[in-house]
Amino acid sequence: MTTNTHSQHVSEQHLLGPDVEQARYDRGAQVLAAVDGEGGQSVVDALADIAPALAHHVVAYAFGDVYARPGLTHAQRQLVTLGMLTALGGCEAQLEVHVNASLNVGLTPTEIVEAITHTAVYCGFPKALNAIFVAKRVFAECDLLPVHAPAA
Amino acid sequence: MTTNTHSQHVSEQHLLGPDVEQARYDRGAQVLAAVDGEGGQSVVDALADIAPALAHHVVAYAFGDVYARPGLTHAQRQLVTLGMLTALGGCEAQLEVHVNASLNVGLTPTEIVEAITHTAVYCGFPKALNAIFVAKRVFAECDLLPVHAPAA
Amino acid sequence: MTTNTHSQHVSEQHLLGPDVEQARYDRGAQVLAAVDGEGGQSVVDALADIAPALAHHVVAYAFGDVYARPGLTHAQRQLVTLGMLTALGGCEAQLEVHVNASLNVGLTPTEIVEAITHTAVYCGFPKALNAIFVAKRVFAECDLLPVHAPAA
Amino acid sequence: MTTNTHSQHVSEQHLLGPDVEQARYDRGAQVLAAVDGEGGQSVVDALADIAPALAHHVVAYAFGDVYARPGLTHAQRQLVTLGMLTALGGCEAQLEVHVNASLNVGLTPTEIVEAITHTAVYCGFPKALNAIFVAKRVFAECDLLPVHAPAA
Amino acid sequence: MTTNTHSQHVSEQHLLGPDVEQARYDRGAQVLAAVDGEGGQSVVDALADIAPALAHHVVAYAFGDVYARPGLTHAQRQLVTLGMLTALGGCEAQLEVHVNASLNVGLTPTEIVEAITHTAVYCGFPKALNAIFVAKRVFAECDLLPVHAPAA
Amino acid sequence: MTTNTHSQHVSEQHLLGPDVEQARYDRGAQVLAAVDGEGGQSVVDALADIAPALAHHVVAYAFGDVYARPGLTHAQRQLVTLGMLTALGGCEAQLEVHVNASLNVGLTPTEIVEAITHTAVYCGFPKALNAIFVAKRVFAECDLLPVHAPAA
């Protein structure tokens, strides 16, 4: 989304001076880049011609208002997110972005696999297996297979 | 469940020497006590007259085989669990046990609230609100209200 | 589907005649009484002052068109239903009706408990536990506790 | 529900007569064509060699008994459906049919996008994004991109 | 939440001039009052001692950024919401608020019942019945029973 | 997974003599082969380089501890599973394995179709249709189309 379109959308939608909404958006964009990298930005870009408001909410609210908050590290947030996306089911596209994000914020492949192995207890094996195979695809692309068992 | 009933069940069900199943069960019981405290044990006890096998699987598999694994700390596991139970919906009974468990393993009320605030982005506000009100009940019982905002 | 195949199918499945809507409703009411007993009828009655059309669909479609079909016994249908209601989550009211229904159609408490124990693998323990405690309440009311382990 | 009220209700809603099953099916087929167009019919056709009864229920019950009812316009029904299919998750195939159906019944692309933007609040962003990208594919096929923001 | 606590929270959390966040919050509070009335405000108030940030997001994002948007009427938004809350399951607390909200924004009891009757097709009868009985409780409190069938 | 890797994993993870864990694993592997055939084994194999512990739990707990239990026939277990996988949504990969498994344990295509037709009542048509089209793909591969209606 170009700066022009974004500013235009912002002043249409939010009845606030463009600087403020830009500040929430910028804070969110900064966190989005650090956490989701390319995967997240491509989602935002793909929304430009259909739902720019939804893109704005992803960046300004989800990342700017929530993810940017102190209190939990990014790695801790990603653990909560891996649990949620596995439990929801049908969110493999987002799991792919977030397995990558989990690596970006410092979780190891071993820790990601442990988290998903843990989900089988609470979500059942079908959902856990769907999640583990998303992780397998991501790790294969990143040349991170095989994943090592945790040190005892 | 008395030791007699448990051993009897074990040797009926598992076709293994009673010592081995008892080892998986004991390891799980140890973790269950450390993590879930009273809340978890009362669930296991309530299963004795209806589904002792399910109780055995909770203790031996869920806690003995999974929760006891290295690779993630108990606090990390609880973050994944808070995400899952919020996302699943309808699991307020388990959320109550696990908010208590999260405190037991060293997460602070502030961290628990941050984790649930984070879930609204991925699960929506209805599920996040259902979870936060379970946490509120637990914190009220433990005299932990009000919860403080995270240090910036 | 061509008109020929449809007419043929219709006469195979649905019994034509002048009072067909009454016939669909009556067939459904008959099955509802045999399967759900009081529990199901009270749900239908409770709909009278708010959604009589929904009640009609429950009786005529759910029971008259589907449950009354040949091909599976009532006990087999109840096994599918126990799986679904456990997996859906938040359907404890319906699980209560259907644990009773399962007893009505000849499943034993042991078989019902086995089915729910089986669900933990596919739905996770939170949903399985929610279901087992509904069963426990029903069995307590019917003086069916304790439930015996299946013969080896 | 007394017999009087039921008969009265039945004659209000369901049209008695000797070819009633054909009538329910025909009424449903008519609504299906108006609402779902090709997408819905192809689903029904694909069921012919595996589950013709399920196809009959889709047409006679879902469309003939429910969708054909007065009280809500087709556009209003589609708003409820967009909410449900987004919330359920994993129903992208049906969302594709129903985004097309929503256009057929007079909702604009802008209104459809607003509805899905609204879902993020209640279902979370993963499910809302899965839905918006189904809409994007449909709109691309229909040459309806870009979608315009609503007039303030 | 008093004005003092809110302003303090706002300037701690959002790194923006307090006026701007107050503007998003105020717009949301205005819509919340018009739509949810007492039910919504009591939810926000109940969050004050545990998760004021979550309350802020409810008011500023959910109502200020999304619900306040043009493009759909409030009644149209409520139809989407009734679909979502029924489909999610386990959200009866929110359904109670939103059945009341639906009445506030001009949907009639008949229209609300039609929407829920419609959900049975897409969510199944257990979830539809759970929703209809929430509506029944709300209508009973508002002296709106019995609900009349829609005019043909 | 080769015997070497498995034994190594077993003694790393379970602090038990390798023979015992091997016994649970072997019992499970035996049931897995009888029930899931190739489909199940390929899932287990695909886990070898990412989550061998999860594979161990699938075989030793899910099949060795649960599926191997008496009390329900394999066909009865598959009926519960077909209900669960349809209700969960997003588990089409597992439904494919389990439709094949259902044939392996003696359910007929007609019975499988009846079970899925039954699910529409409890899960809604979107989920039932997703399941029926998985069954259609499996039956097509096995040359089992068309499926015959049940004998009246």
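Which chain is which? They are A, B, C, D, E and F, in the order written, and residues in each are numbered from 1.
Simple rule for what comes next: contacts are C-beta pairs under 8 Å (C-beta built on N, C-alpha and C of every residue); 3 or more make two chains touch, one makes a residue touch a chain.
In this text, all values refer to a predicted model and were calculated from it rather than measured experimentally.
Hopping across touching chains, the smallest step count from chain B to chain F is 1. Of all chains, the one whose Cα centroid sits at the greatest distance from that of chain B is D. When each chain is reduced to the average of its Cα atoms, F sits farthest from chain E.
Note: centroid distance chain C to chain E, computed from Cα atoms, is 33 Å.
Mean C-alpha positions place chain A and chain B at a centre distance of 26 Å. In this assembly, the C-alpha centroid of chain E lies 41 Å from the C-alpha centroid of chain F. Shared interface positions of chain F, i.e. residues touching 2 or more other chains, are given as 13, 53, 57, 61-62, 66, 69, 85, 88-91, 94, 113, 117, 120-127, 149.
A complete topology is adopted by the chain contact network, contact being made between every pair of chains. Those residues of chain C lying in contact with chain E across their complex are 43, 46-54, 57-58, 62, 84-85, 88-91, 93-94.
Taken together, the chain D residues at the contact with chain E in this complex read 9, 12-13, 61-62, 66-67, 69-72, 76-77, 79-88, 94, 110-111, 113-115, 117-123, 149-152. Contact residues of chain E toward chain C in the complex are 89-92, 113, 116-117, 120, 124-130, 132-133, 135-136, 139, 145-147, 149. Partner chain B is touched in their complex by these residues of chain F: 13-17, 20, 23-24, 27, 53, 57, 61, 65-66, 69.
By the touch rule above, chain D contacts chain C in their complex via residues 1, 5-7, 9-10, 13-22, 25, 44-45, 48, 52-53, 55-57, 61, 65-66, 69.
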